[in-house]
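Next, two complexes with subunit A in common: one pairs it with subunit B, the other with subunit C.
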Partner chain A sequence: MSVKQLSQMSAKELLAYYQAKLDEEARQAKANGKLVCWSASVAPPELCVAMDIAMVYPETHAAGIGARKGALDMLEVADRLGYNVDCCSYGRVNIGYMELLKEEAMTGKTPEVLANSPAARVPLPDLVITCNNICNTLLKWYENLAAELDIPCIIIDVPFNHTMPVSEESKAYIADQFRNAISQLEVICGRPFDYEKFHAVRQQTQRSIAQWNRIATMSQYKPSPLNGFDLFNYMALVVCARSRDYAEITFRKFADELEEKYKKGESAFKGAEKNRVAWEGIAVWPYLGHTFKTLKNQGSIMTGSAYPNIWDLTYDAEDETLHSMAEAYTRTYINTCLDNKVKVLRGIMDRGKCDGVVYHLNRSCKLMSFLNVETAELIQQANGLPYVSFDGDQTDPRNFAPAQYDTRVEALGEMMDQAAQTAGE
Partner chain B sequence: MYTMGIDVGSSSSKAVILRDGSEVVAEAVVQAGTGSSGPGRVLEEIAARSGLKVQDMAFILATGYGRSNLPMADKQMSEITCHAKGVFFEEPTARTIIDIGGQDVKAIALTDQGTIRQFYMNDKCAAGTGRFLEVMSRVLEVGLDEMAGYHFRSQHPASVSSTCTVFAESEVISLLSQGMAKEDIIAGVHFSVAAKACALAQRVGVRESVVLTGGVGQNSGVADAIQKELGQQILVARDPQLTGALGAALLAYEEQIRKEKSA
Partner chain C sequence: MEQNVKTLLEQFRTIAANPKKAVEDHKAETGKGAIGMMPVYAPEEMVHATGFLPVGLWGGNRPVSKARTYLPPFACSIMQQVMELECDGAYDILDAVVFSVPCDTLKCMSQKWKGSAPALVFTHPQNRGLEAANRFLEHEYAVLQEKLEEVTGVKVTNVALEQSIQVYNENRAVMREFAKLAAEYPQVISAVDRHAVFKARMFMEKSRHTALVRELMEAVRASDPQPWMGKKVVVTGILVEPDGLLSLFDELGLAIVADDLAQESRQVRVDVPEGDEAPLYRLARVWQNMYGCPLATDTKKARGPMLQDMVRKTGADAVVVAMMKFCDPEEWDYPIYHRQFGEWGIRDLMIEVDQEAVSFEQARTRLQSLVETL
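Then we have the complex of A and B:
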């Protein structure tokens, strides 16, 4: 692909192009005997990218499988291995996928279910890196991967923030975790860590994040040129390529397109934007279209979600103590106390000028869901806006019922209409 | 002006025709819900009772799980809004609604103006729903309409603690095999349903009057258990199965007036 052709692509085309390219690079790396690492979505990629390791992100990969309606096949493999349906479905999809790849590697035959899967083909890892800044399931999940495949597991341990702001001790501890990971990488790679490249990668990461944040600001406008559900799709690159220029290029293009739309007074919707909602929680990937259309059909646009905001990993790339980077990787709102969670979500609702909230009671993500009841009540006390909660799951289609979702979301729409009518009288 | 509300639920289909948004002309209930012959039959039945045809309706509003599958409807709205409307019309003192249908349990808090302040519904679980009672009725070999009679004869209600319908079914079978009186088991089942519904009501905040609606509201044993669980009197809607359809007919009237005004 020539530079000229890339420059002519829309943001949507760039997104698809770079996603495919990342998978291809991982496959090529494997074929050429280079290292491949499977990484947790908010573990710092800066360390591995500095060492030229190809990265694969199981959470994004599982979400993609879910969105392409292929999750059930993988979940059934995990079911057979004894993973309970109460475990995270990203983990179960990924462990199911890993099991199939392993079977293929050991027998030389591709299992039928893998051959027929809509999953993007990614190679088995040579090492894994995980971080508990978004949940503790990621520890056991990655330990299992490492044990099953007999490969190294790098863990970045990040303490939970029971109070905010993040303490200096915590930043120092996490910076030490980074340094420890660097030592592990030197052993795994058999060469000294490339500190110069590490610096450049941190700078690149910040350029990508700046463009990502530029996109998020677009939902402040009325009508909003940004449909919040698009962020769920573009998230793939902030997860998988934030330390590469792929993310920066795509996000800049998307932000430019949105700015253009805003200047023309165009809404993300073809129809009128009747009201604006915040979405709390991970998307329901197997029903992404359905969850979006139910809102769209009633004229509700999603203009605020704390989920994509997790990747606002802004830090000082010049800080060689790595305390600033440590702070960015620990302040993710689900790694903080209830007060801060409420503050973050309220801020997002204010900026997105939201009229109500949809809370996803996600059977897979206990950390994100268990505080929903308290969060919802505290936010409503503060801003008086209606909210609704629905049962669902990020990738297990068996835990979501479209009709149940519709009833709850439509009732929220009617409450928002009622509030608007009362305000207008 | 005639308006019609149709509530097609998971277990039954209901319809109400109103004259000028205030007077009930006809009502009909068929015990078959969405995806069955219920919706068609309820329309035939209400036409027969009222002597009015679909074409005579100025506006038709549909609600319930089958609301999107009724081509004659001018608009669809959620049953939460429709129940609130119907209950407040019949009982203006209502501030808390407990609605127990075939597959949903909901608690709705109303403002003094009758609009929805907040609502909560059951999780993805059949516990405390009409379906839960149907399963128990089958296991106990006691008809749904007979359960209230058994309830009031109970001396020592059993404790049915499982929230999962399948687990509760096992629990009831075990109680039966221990020789416990059906009266006590049934009262225990009713208290189990009441506990689930009251937990939702307590989450929205119980304010008087509390009104019980939905098909399960026809079971006075459940109403009694809810009163005991809440420790206060509750009202049961005149015809608890019909409040959603009544609310839909009222909202249909409001929609038509709004349409005429803006025309």
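Then we have the complex of A and C:
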């Protein structure tokens, strides 16, 4: 630990520190001949972490590239390879990045685009693991990674829950896949699976998740000490390090800070919060600042988003059948029927005491877009709150128009003001 | 004989163009209704065993307007059509609709069904190599069967199910044979007709379809195959529609010598395995044995080699990729097999499939230049 002791760092510093550390660990692992795995963001890391495999998360990595305005270069590479612009931009950014790394590995020369990219440097994987609890796109994308790199692919398939609650048969099938993944890992690593560590990792994961959930509860207070957009940033660690204490340490610190703020009666905003909105969908990474500021400028604070809540992967770490863990990984709200999806979102809105919703119609994400109309209608029927929708994309900057976003958000602001006025009369 | 072939093909075209009549006729004849089968795969045998008519719901060729309210423009063309038909009440003559959800779009479609008939949803497992996946799917099918029994009022017995499996295995075998025959007789069976024979399959009780296809094949075989002066292609994708797009193949002398289309040969690629296991379990095994389709997860990406094999066996000059507009599963497969084709020296050409289309100039230009450079 160089400049500052960990214990003296703010949550924000911890976040940056651990993010950089994770990338460095992956690079070191590669350099030392240890295994590196690329993983879908909500695939269970418990299995690989138990085997000391260094993890890299392409969605988070792509989001970072997007936020640093480096997506277009990667998208262009994918375009050249024949990837249609209709394919999820996370996937395309990652495939573009992978191709450049591959080229570098094969020629010994760093392609110029890669050298000039603001992307965090991560190594090529020796294996990949995917899980379709947020979309089936992650199956197609990882099939391609495995094929292009000729490496093993571990699949944790969580069948779409058309009926809730999750069926016992589904849990049994998923738990069987965990066991199958374990035997795959034994072959890939060439050593027996470390069941003891696996148990400890599950416990660690639960400690991290508990702190993650603690943060989310802070948006219930009025004024809210938590700015919901911060969750988008902290999400990086719940994705990349939930099975490590990195996440737990950072989230505990952040939750403590928020509690402190709350006790002092401080709001996340410097000014007063006029109204509170829920954000449905992924952030628009290349325009994160813009999307936030537009809301802030009109006095709207975001206090509810179901997306970060996907990582509420609470389960019983002592359950050796792994059914509980299976259930946690399959019940993500976008992997369930519309009724349940609406229920989850409503719960988030209630908890955040939201006055309206902003729906992100995401050009990249069919699953998180095609039910927006129905979701919005059902929620409005239930709670009568106004909503707007804007066209965006989480990493392809060409699919977002700031002007349209601003107009829609302003309209929502007016509707919320109106509602507040009516309520006040 | 030639006259007979023409009459038979005409018959297939008429049936393919009139699903509503098929449902009405079935009702009049048997007193039983119809069950819609959403693309792409479902254990249709189970519906057949109830005596209700399974009807494929593979879109249409309408101007999309009402669907715009419910789907953004970047939803695939076929689901835009399906949504339009849902809004128009076209599916309200059905007693239920069976929905599988192997892609993100279908997951959503299953949750936003606008028809009056109930949607019966089931999920395919994707870790298909595992026995646990078979067991999971068997259970999904058992639940589906219960729902079907409730809707139809018919108990599905194992005896009936075994009979239906036989009917379907036979039909699939006949269709595989037909696809080969169509490749031998492109002068007799045009691309449009070939498609009609496959499409009629979605609106006919399968033993009747089998009988009619057999009759057709016999009539075609009455004359000898003639040498083909045009070019030969394999088509791959979800489907090739509308007929205006298909007729380009006929106009330009491109014989479809094999297809890897979800609507056509993928439907008949895999039979229900024989064996002593219960029929539901064997039906589930079909999914495990499926290959070469982007909806059936395959980390080995065997589709490219499969297409290569098809090209080799049929002597095709090129592969035509019929890319369903905004179908991401298909789009994700493309770069891999496209690269492989390049390595193997196989020509390929991508054309866009938009069911709503009325003019095909772009496809014509592309196909024409393919023909000229082959």
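By definition in this document, the second predicted complex is superposed on the first by the 422 of 425 C-alpha atoms of A that agree within 3 Å, B and C clash if a C-alpha of one lies under 4 Å from a C-alpha of the other, contacts with A are read in each partner's own complex, and residues count from 1 in each chain.
In this text, a residue touches a chain if its C-beta (ideal position, glycine included) is under 8 Å from a C-beta of that chain, and two chains touch if they have at least 3 such contacts.
For clarity, every value in this text was computed on a predicted model and none was experimentally measured.
K.L.:
Between subunit B and subunit C, positioned on subunit A by superposition, is the outcome a clash or a fit?
P.N.:
Because the two structures are overlaid on the shared chain, the partners are seen to fit without clashing.
K.L.:
Going by the contact rule set out at the top, does A:A172 touch subunit B (first), subunit C (second), both, or neither?
P.N.:
In the superposition, A:A172 contacts subunit C only.
K.L.:
Which of the two partners, first being subunit B and second being subunit C, lies in contact with A:S243: first, second, both, or neither?
P.N.:
In the superposition, A:S243 contacts neither subunit B nor subunit C.
K.L.:
Could you tell me if A:A401 is touching subunit B, subunit C, both of them or neither one (first, second, both, neither)?
P.N.:
In the superposition, A:A401 touches subunit B alone.
K.L.:
Quick check for you: in the superposed arrangement, does A:D86 touch first (subunit B), second (subunit C), both or neither?
P.N.:
Second partner only, subunit C.
K.L.:
Which partner does A:L361 contact after superposing on A: first (subunit B), second (subunit C), both, neither?
P.N.:
In the superposition, A:L361 touches subunit B and subunit C alike.
K.L.:
With the two complexes superposed on chain A, say which partner A:E374 touches: subunit B (first), subunit C (second), both, or neither.
P.N.:
Second partner only.
K.L.:
Under the stated touch criterion, name the partner, subunit B or subunit C, that contacts more residues in subunit A.
P.N.:
C
K.L.:
Given the touch rule stated above, what does A:E414 touch, subunit B (first), subunit C (second), both, or neither?
P.N.:
first
K.L.:
If you take every C-alpha pair with one atom in subunit B and one in subunit C, what is the shortest distance in Å after superposing?
P.N.:
6
K.L.:
Identify the overlap between the subunit B-contacting and the subunit C-contacting residues of subunit A.
P.N.:
Shared contact residues on subunit A (touching subunit B in one complex, subunit C in the other): 361.
K.L.:
Provide the residue numbers of subunit C that touch subunit A in the complex, in ascending order.
P.N.:
69-72, 74-75, 101-105, 107-112, 121-127, 130, 132-133, 135-136, 139-140, 294, 297-301, 323, 326, 328-329, 331-336, 338-339
K.L.:
Write out the stretch or stretches of subunit B touching subunit A in their complex.
P.N.:
Residue list for subunit B touching subunit A: 65, 76-81, 104, 115-116, 118-121, 123-124.
K.L.:
Which of the residues in subunit A come into contact with subunit C in the complex?
P.N.:
Contact set of subunit A toward subunit C: 81-84, 86-88, 91, 132, 135-137, 139-144, 146-148, 152-153, 155-157, 159-163, 167, 169-170, 172-173, 176-177, 180, 337-338, 341, 361, 363, 365-367, 369-371, 373-374.
K.L.:
Looking at the complex, which residues from subunit A come into contact with subunit B?
P.N.:
361, 380, 386, 388-389, 391, 399, 401, 403-404, 407-408, 410-411, 414-415, 418, 422
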